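My questions all concern the structure below.
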Amino acid sequence: MIYAYAFVAIAACVAIERFHNRKAKIAIALALAAFLAVGPRFYGNEAVFSILADAAVYVMLALGLNIVVGFAGLLDLGYAAFFAIGAYTYGMLASPQFGLHLPFWALLFLAAALAALFGALLGAPTLRLHGDYLAIVTLGFGEIVPQIFQNLTKYTGGPNGIAALDVPTFFGHSFGASVMPYYYIALVGIALALWISRNLRESRLGRSWMAIREDELAAKHAGIDVLRAKLAAFAIGASFSGIGGVLFAAKLALVSPDLFGFQVSVLIVSMLVLGGMGNIVGVVVGSLLLTIVNSALLPQINSLVDASFHTTLDLSNIHFLIYGAILVGIMLFRPEGLLPNRERRAELHHAGEAEAEA
Amino acid sequence: MHEFLAQLANGVELGAIYALIALGYTLVYGILELINFAHGDVYTFGSFTALVVLVALRAANLLHGAGLILGIVAALVVAILACALLNAGIERLAYRRLRKAPRLAPLITAIGVSFMLENLIELWQGAAPVPFPNVIPNPELEIGALQVGVQQIVVVALAIATMIALHFFVKRSRLGKAMRAVAQDRDASSLVGIDVDRTIAITFLIAGALAGVAGFVGGVSFGSAWFLNGFGAGLRAFTAAVLGGIGNIAGAMLGGFLIGLLESFSTWFIGGQWSNVAVFSVLILVLVFRPSGLLGESLPEKV
Amino acid sequence: MSLLELAGVSKRFGALTAVSNVTLDVEEGAIFGIIGPNGAGKSTLFNLLTAIYRFDEGSISIGGTSIAGLTTQRIARLGVARTFQNLRLFGNASALANVMVGEHLLLHANIIDSLLDTARERRERAEAERRARELLRFVGIAGVDEHFARNLSYGTQRRLEIARALAARPRLLLLDEPAAGLNPSEKQDLLALIRAIRDTGATVLLIEHDMGLVMNLCERIAVLDYGEKIAEGTPSEIREHPRVIEAYLGAPT
Amino acid sequence: MRSPRIAALAALLLLAAPLSACSSGPAPASTTIGIGVDLPLSGADASVGTSTLDGIKLAVDRANAQGVPGGFTFAVQALDDTQQGVHNPQQGASNVRTLIADDSVLAIIGPYNSNVAAAEIPITNQAGIVQISPSAVSDGLTLGKDAAMLRRANPGVKTFFRVCTTDSRQGSAAARFALDLKLKRVYIVDDNETYGLDLANVFARDFAKLGGIVLGRDHIAPDTQDFKALLLKIKGYKPDFIFFGGTTSTGGGLLRRQMFDVGMGKVAFMGGDGIPDIAEVAKKRADGTYYTVAAPNADLLPAAKQFVTAYKAKFGSDVGPYSANAYAATQVAISAIEQAIVANGKKMPTRAQVLAKIPNSAKNEVLTPIGPISFDKNGDVRKPVISLYAIRNGRSAFIEQLNLSE
Amino acid sequence: MSALLDVRGLEVRYGGIVALRGIDFRVEEGEIVALLGANGAGKTTTLRAISGLLPIRAGEIFFGETNLRKHTADAIARLGIAHVPEGRRVFTRMTVRENLELGGYAVSSRRDLEARIDETLAIFPRLRERIAQRAGTLSGGEQQMLAIGRGLVARPRLLVLDEPSLGLAPLIAAQIFEVLRDIHSRGTTIVLVEQNAHAALALADRGYVLRNGEIARNDTAANLARDPAVVAAYLGGE
């Protein structure tokens, strides 16, 4: 069932990418939105929509990271840190931990702001670094943040984290134990994130990022305040992650440090690169695909294979092998990602022939 | 004072291992500008190959007297060869096709290869830590106020000898020069007759060999091998390489020793759970003030 | 009135003095040429003007404002735009987008506008796009708007870079070897284009090797050699100048 | 450009289509009862996860071999709660939902980790399905306000049980054992993970209360291999023993091993039920280790011996640290299901009927390799027994046991 | 008489753009041939295609009897073509000696290599003074000497030079051309791309003029230097 939904969503994305007619694109997008909104009435169960809601959170994260890596060209290997900051904002301020029970909706905004603030704080001193040095600094930051949450036991519950977080309410109606409200919020979140991503790409700021990504020096000469534009990318990207964190924490009703390690940062970068960096639709496809692989396919692979081929093959001990092979396989055969953007395609086309005679 | 010296010795021992792994990162980065995330797992593979050889030799009752020395050498050599071949194989199968691909593609491939290696090692040796045979007798020696184990001396000596050998190889030998040339300018290198593909393959061989030595000394020093060891060790070693100035051989060694000492002393002074935080905080601070690492050269942009 | 004034400007790289005690005045509205052998310090001089390098001695002012300590983007705000010797276009972006980046300083949309695609953002974008298309026509490459910069021919790329520089409506336009690699007829077009640019009110400072172009175009020319200004004057003065012939033009065959 | 894109589409199709077909296909035959399992089966916890799963499989096989009332057969449906190699509460929650969505699943065994349990309990509580964990020891899962919060969807119903003991029981028992052994001065180290930190906290508190001297505490960082820096620091305190909160693979094995490298081989080492397998890593150097287990002396329990023999025969490997617990948890679940089948006229029972048959007193105790099991009102084991073992010559030896009052 | 280098119908593309559209030219043993043309005309592309740095779309390149199409750049270098690329491309982080040693990368005998380096240093005495210095610290002219010297250590049959006087002070440029004349007199065939058409045609036996990826003219150097169109286009002046 989960695969049916994911398949429809991915197929729709591919179709949107393939059609050149603007109206057709919009029609498909609306049809997909309607399908995802109405689908639960007819087909599926809590388990399916729980995974889809999780997938939606990852799509939001990937869209946020896409702003940093895809748009501005800054490799961030510690993106999960902002995810953690968002989640712990909810965990600490809407739970018995400090007896604070701030409303979910307010915390969405607060977390976005806090994550953006930390994005800027990390960015300000380090954005002068180039290429892989920046990647390593962000990686370091990504390692530090969850460990600080883990070590400050008094405030964060330490390794146990904080459990039994508040159940959000909507105009006085509690979300209860159902996952459906989160599913719908996440859908709205994706819609917003897509809208903002598109806005940014087309905007003055988006053009500044493009310029910085392509040629930082030429961008400076056009009067672009490079540091400010990079900080904006870091902050906006981080705020997506902060919002995703709140949604994630509220749905799980738990935060703990092991949810935000380096592997999560790597996962999100993989989603981008696999889907096709910089291309919004590609990012959505990449993150859906990897979430489904990670949250549904691999954990359930034994029962799936056993059920379909009537075997008792034990595949649980080769999860990593399968996952790694998927990453390597896609990269070897489509190094530009499944749905690359125009730029990326062009880049590949010209790879190796870059030094045209000057 | 006594404890200070002991911590210092321990930090040096740890740093020697990180430095060996860091050298592998830095060599590969220098030549391909690729963060080879799978390198830490090659190190793990080295530990396990050495371990398997030692266990087999011990089972055959060959590990005493002169056999002990020979056995240790055999384990080391097998680990070196196995890691060198593994690393070169990874380059051939997973990275070579991507030489001209967008920058992040090989990075993700490296991550994928790392996952695969971890899983393969797990399938081979199981998911639990495996004890590394205590082959080196470990009486404590007192040198002034400094107490060191024989094992510690062996580990550090082997690591430093390897680094010196690498230094001379890269500086003096024909292949070493070719490696440096390819790292600087691939086109110009091929114009003087250097086979670039082959040189890159050799760089991976050497990086793998260093991981093999690291795997052996790491196994001896930590006393066990575990299929996921490569992740943590690799992360710290890579940090060391960046700290020293990535692509710079002396920098990787310096960075390795610094990280080792930092881990040791931060555990002593502020507690083990903060050691990672300390390591990465220092990394960030250093890069803020020296954006190309401690020994890295920053070349002015050409306009 | 001088738009650009350099007084005793020097720049050293280690032991090498790339620019040595150069004094220069460029009148508002002029087309001013800088020539000299490769490595004479011409591009370094441009790089000092746009703060890619910081000068070690002397002073530089643009429109009366000293640029000492200013960053590249601050200098751009003073109305300085440039092209590069080795083209620096945004290769993986359309020609139109390249020019629109050039318009950065003319726009006022802030982060919020960009995030929410406000009316201001849309209005400015439409306006910027219109101007960009106009500029592409002005430099003579109308019709390439949607093409990726990297796919354009060399001559078109040169013009596109000029269009991008013009998009900021600069008071001072720095052109670094704009004719390099152009064929003779393209050079003729370029000559007309640079004159047209000057007629819009911009001051043009150019580095160029092509003597025909320089002599035809420039009202004044300065000659650099080994980082020093060895001569300055009108084209005919320069052509006759013995040191220039010795160091740069060479004895006629 | 066209064909590669179509190829990508085809690849996606290939990936998704058969799977979506099979997962939404016909439910398994109605004579099968699913025993849902959620454990970390890959990545860092794989070694304990798989050996724990093997305990469950053994119990299910045995039940099927003995025959199930109503002609049903039990089938293990195991899901992995790791993501990217680390046990993950979100994945656990997701798995539990998947299991609950399958009507044939009547009980869930797992999870392994306490924070995963904290994410799952609200879901099983709401669904009213029996969940028995072999190893999640954190106090707050069953006790006090924290546990009440986890059950807030359905406060009247308790669905979460565990056959392991709580951190607090084990920690206090360990404190008493240590003083019995005349070990007075302790340095406490933990792995800074859920189980280890809580255990160390309780031990530190109770050991000091009983008159022991806590010289200091430290936590270790993840992915650490070198413990000598820490041990050199501890050495300066001259402790009688080191108490370790954690498991063999999170550092227990290496810590013990490296104690010899810094000249602390003679200092005793103690921990909880996370380190019974320490000899596998530390080998001869494990001697001098003490550990506690929440079960009566295995040497005196015939069920334990039978279990060990059967396990080795079936899987060809040594029993994992929580294999017996998992076996016991499964036994309890199966016993409740079988009783429910009988009570339901040999027809498929409901989950509520199964929940009603969970043993709650001496009368309906289930005999397991870790002793007779029934649960108290919180879902913890009644009459818990904590045993102390020592490693001697690389083997475990029973020392004494403590019967804790209810 | 068979040509040392015989290029037939050479075509090279960058992505969709045709950089060379079917170039034919020959270089006889012992000649100096100059390639002239505007920036972007395809001169550098031609040289890079010959030395194997660029894939050939169509056409053949014969070096003596060998078809270079099947060879990689390093193999072509070992066949005896030394390409001194535009912008010198010396290994700046290595010493002068190391650069020269790399020039003789294919030489296996240490003594032979030393002899060749000595021979090269005899041609460039300036380099001997700088032998232990890092190449990056040399002046532009010295770097150009090193780049040429690096090529000479290989004792090439064909020396290919791309803009050897680029960025050099006139005096130094003159020295370089003097050296090239000397090298040629010792029997090395030379192909030269040069912006300074005066100097190039003064040195060369024959010249080809490239325009938009095609051979526009092909004549003796003397004739080209006298041709008013060539003078106007490439030799400056009104």
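Order as written gives the chain letters A, B, C, D and E; numbering starts at 1 within each chain.
Here is the rule we go by: a residue touches a chain if its C-beta (ideal position, glycine included) is under 8 Å from a C-beta of that chain, and two chains touch if they have at least 3 such contacts.
Since we're looking at a predicted model, the values are computed, not measured.
Novice: Touching both subunit A and subunit D: give me those chains, sorted by label.
Specialist: Output, common partners of subunit A and subunit D: B.
Novice: Decide which interface, B-D or C-E, involves more C-beta pairs in contact, and give its chain pair.
Specialist: Answer to which pair has more contacts is B-D.
Novice: In terms of CA centroid distance, which chain is the most far removed from subunit E?
Specialist: D
Novice: Taking each chain's centre as the mean of its CA atoms, which one is most distant from subunit B?
Specialist: In terms of C-alpha centroids, the chain at the greatest distance from subunit B is C.
Novice: Taking each chain's centre as its mean C-alpha position, how far apart are subunit A and subunit E in Å?
Specialist: Here subunit A and subunit E have centroids separated by 52 Å.
Novice: So the centre of each chain is just the mean of its C-alpha atoms; given that, what is the distance between subunit B and subunit E in Å?
Specialist: A distance of 42 Å separates the two centres.
Novice: Per the centroid of Cα atoms for each chain, what is the distance between subunit C and subunit D, given in Å?
Specialist: About 72 Å separates the centre of subunit C from that of subunit D.
Novice: Which subunit D residues touch at least two other chains?
Specialist: 42-43, 46, 50, 85, 192, 219, 221-222
Novice: Which subunit A residues touch at least two other chains?
Specialist: Each of 147, 150-151, 217, 266, 317, 319-320, 344, 347, 350, 356-358 in subunit A touches at least two other chains.
Novice: Taking each residue of subunit B in turn, which ones touch at least two of the other chains?
Specialist: 115, 118-119, 122, 127, 235, 273-274, 276, 301, 303
Novice: Inside the complex, what are the residues of subunit B that reach subunit A?
Specialist: Listed in rising order, the residues are 29, 33, 35, 94, 97-98, 100-102, 104-109, 111-120, 122-123, 127, 235, 238-239, 242, 246, 273-274, 276-277, 280-281, 283-284, 287-288, 291-293, 301, 303.
Novice: So in the complex, which bits of subunit B are touching subunit E?
Specialist: Per the stated touch rule, the residues are 174, 177-178, 180-181, 184-185, 187-196, 297.
Novice: Report the residues of subunit D in contact with subunit A in the complex, numbered from low to high.
Specialist: 1, 4-5, 8-9, 12-13, 15-25, 28, 41-43, 46, 50, 77-91, 93-95, 97-98, 100-101, 114-115, 118-119, 122-123, 126, 138, 140, 145-146, 149-150, 152-153, 192-194, 197-198, 219, 221-222
Novice: Considering the complex alone, what residue numbers of subunit E touch subunit C?
Specialist: Within the complex, subunit E contacts subunit C at residues 15-17, 38-41, 139-140, 166-170, 195, 198, 211-212, 225, 232-233, 235-238.
Novice: State the interface residues of subunit A toward subunit D in the complex, per the touch definition above.
Specialist: Residues 1-4, 6-7, 10-11, 14, 17-18, 45-48, 50-51, 54, 96, 147, 150-151, 153, 158-161, 163-164, 167, 176-177, 179, 248, 252-254, 256, 258-259, 261, 263-264, 266-267, 289, 294-300, 302-304, 307-308, 316-317, 319-320, 334, 338-339, 345 of subunit A touch subunit D in their complex.
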